[in-house]
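Note that the chains take the letters A, B and C in the order they are written out, and that residue 1 is the start of every chain.
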Amino acid sequence: MRRLLVVGLVLALVVAVPAAAQGPQKVKLGVLKLTSSAVLFLGAERGYFKEFGIDPELVYFQAAQPIAVALASGDIDVGATGLTAGLYNIVAGGVPIWVVADKGREWPDYNLTALVVRKDLHDNGVRTMRELKGRKIGVTQIGSTFHYNVGRYLEKEGMAPGDVELVPLQALPALNDALAARRVDAVATAEPFVSRLEAAGAGVTIVQTGDTFPWQIATVMYSAKFAKDRKTAVAFMKGYAKSSRHYFDAVLAKKSGPAFDEVVALTAKYTGASPDLIRKGFPYQDRDGRLMPGDVGRQTVWWHAQKLIKAPIAEKDIVDESFLREALKELK
Amino acid sequence: MSARPVVDRARVLERSRHPVARVVGLAGLVALWELLTRTGWVPALFLPSPLGVLGAGVEMLRSGELVGHVVTSLGRILLGFALGALGGVAVGLAVGVFGVAEAVGTPLIAATFPIPKIALLPLLILWLGIGEASKIAVITLGVFFPMAINTYAGVRHADPLLLRAAVSFGAGRWSLVRKVMLPAALPMIFAGLKLGAGTSLLLLVAAEMIAANSGIGFLVLNAQNLMETTKLMVGIVLLSLLGLASHYLLTRLERAVIPWKADA
Amino acid sequence: MKVLVDGVTKTYRDGRGQSVEALAGVTFTVEAEALVAVVGPSGCGKSTLLNMLAGLLLPDAGRLGFEGALSAGRPATAMVFQEFALFPWRTVQANVEFGLEEAGRPAAERRAISRRFIELTGLGGFERKYPHQLSGGMRQRVGIARALAVDPAVLLMDEPFSALDAQTRQLMQEELLGIWERTRKTIVYVTHNIHEAVWMADRVVVLSRRPARVLEVVDVALKRPRTEAMLGEPAFVQAAERIWALIKSQAHAALRESPA
């Protein structure tokens, strides 16, 4: 009996002592291992989060949708990735996920994605969206950002969503294979695959998304549980805002120089990609990390019109910039 | 009478069928599930309610979406199944009857059979494209192997007595194959058909998840991508209904084609 | 049709390369329209002999042959098997028609012939039944009808009633004799049951144990048609005792031997 007591006491101490210790708070952060996550790699590497008592634990995913699912299940606290119909369905389904800051926009001169047409078709005169009417366009998945892109390309030309046939091929490399093998007529894809297709002579870019219509493609998101911990949530935002400003000044404003190269190098360290590819893949975002007003709402309206989400979502039910605003106020 | 009565020992062997428990069990589970979703403990996203799934199914039926997916999937499965079954029976027969075919065929089949057909799917897509051909091809392959192996086993295990009897009545090789080996192999062929049915369903879903824009597998994958869990459940229910239906149909067919199987 | 068996020898080689001499110079004849039984101790090669007559096995030495006119299309032999060997997927009628199919007879002819022999063997009304729905006795009747349907010159019967119970067996023996009286085929009847052999046959060929040869051909001095009362007659008893005496020592030794 006495031995049991001693063991119990020791166990209690082992558990209690670390909890009592005032170390930085661990926050699970879900990201893709791509150049587009550079701002977060920067923040982690430079200790901007640690400054405000946050210890970010990077959790890598292969695609945007699994990050949304992990936020819904509470497996991660923060996600930083693209906005998909799946995410909106989670929120519409009664599980809150909060969009809190900008992490990437399609923006003029900062093109992340493009529509690439088959070389042989291009040579035969298929040079715009109009000529792709009735043809097959490869995307990753229904409900993805690429799907959204195609929808918006069509809208810009006054065409209807049914005017092209979408062919979901699941992964970006599969899109390249399909185009090269002439199984589809065009693909909506991202760097570095766009450059690879052009270099191989398999495709020609006819629409650059950022130049054609800017939109809020990626954001920082909070799980419902994390959002309730106000103190930590705001602290994370402080670290993020600082990272965002450094990123903007070094990469987006200048596009070259020692600060630029430093970000390239550390991104290479995290992703293992070649610096040449990295240079082309930095997304645009607001210096302070503010969102494009009203764009999230616009997206949900579009998805709803395609009958892919149950109901349009009001911005107030999914966007919460209060964490960012509070953080920026305290940072100034 | 003063004699000791015989002890009833048979009670230990009794196994009642419990028909009521069967129905109540399943219905009870579904009812419990529905109740659980009503309490709101679990968000509808994680656990769609049975009534919700039914409703979504009815809605999809009315809009024609469901019929479209089912017809597409059925078409693929039936064609792939037919090709695989016919090919498998033909090869199994040949290998079982002709010594040369057996010598060449059995090591080949043994070497290729363990390859998971799902793993061949990307290769098939490369060779045959993302259209119907690769999907039907993978289903055909998946059905071919159990059919060939089972037919071969059925033929090899034809009762030698019956073969001798047939020969004693003047049967030539072709008669032997047609009138003795093939009928003798029918029970094993049907066993192969049932196996193949399960495999083809699996492969259909896999194929439709990789490169398709219609079909039940696509429906499931799409619903997953869009996080439409209710529709996902509709797809899953459809798949299990398909599995049940194919098993039922094959059993009925077997009973019709092999009326002699009942041996007391 | 007369059946001639002359100096027939057969050696089996088993998987381990060991050879077993089953028959060593078996010689006997069966007169036309006679019912001859072949008996011997277990494993002495009786069935081997029958299979050779059916053309299912070849002798290593010696000859087997038939003497007499054989019209075209008429097979020399047809066999009735101990385990019935009916095709489970064929109805009674289809089973009976099997040999006729292989002989290339047209459908109408097959139907007529099979119907005749179905009636003859007492299977009327069971044409559409499957073997699994029939009793043992009925099944063997199908076997007999099937063999008779092809109108063979010689009927080979390999312990046809061994798989039946004693009562059915006796009834089937009587029936077979009745059928034989009506069709007058040459029958070679293999059995291990001495009483059955004596009661059914004109003569009984007694084989020794392995390597088998003919010990003696015992005549059965009983009139036809055979009746149950004859079971007690001296001719019957003498023949049976003679055969048993021949076989007894052979049977003892065969029992002690390890199975082939």
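Convention: a residue touches a chain if its C-beta (ideal position, glycine included) is under 8 Å from a C-beta of that chain, and two chains touch if they have at least 3 such contacts.
This one's a predicted model, so the numbers in the text were calculated from it and none came from an experiment.
Asks: What's the contact topology between the chains, one of line, ring, star, complete, other?
Replies: Topology of touching chains reads as a line.
Asks: Please identify the chain lying most centrally, where each chain is represented by the average of its Cα atoms.
Replies: B
Asks: Using CA atom averages as chain centres, what separation in Å is found between chain B and chain C?
Replies: Inter-chain centre distance comes to 47 Å.
Asks: So what's the Cα centroid distance for chain A and chain C, whole Å?
Replies: 88
Asks: Taking the mean of the CA coordinates per chain, how far is chain A from chain B in Å?
Replies: That pair's centroid distance is 42 Å.
Asks: Any idea which chain B residues touch chain A in the complex?
Replies: Residues of chain B touching chain A: 43-46, 126, 129-131, 209-213, 222, 225-229.
Asks: Which of the residues in chain C end up touching chain B in this complex?
Replies: Checking each residue of chain C against chain B gives 51, 54-56, 75, 77-79, 81, 83, 85, 87-89, 98-99, 101-103, 130-132, 146, 150.
Asks: For chain A, which residues are in contact with chain B within the complex?
Replies: That would be residues 65, 68-69, 72, 84-87, 89-90, 93-95, 141-144, 165-170, 174, 177-178, 181, 183-184, 308-309 of chain A.
Asks: In the complex formed with chain C, which residues of chain B make contact?
Replies: 161-162, 164-172, 175, 179-180, 183-184, 186, 258-260, 262-264
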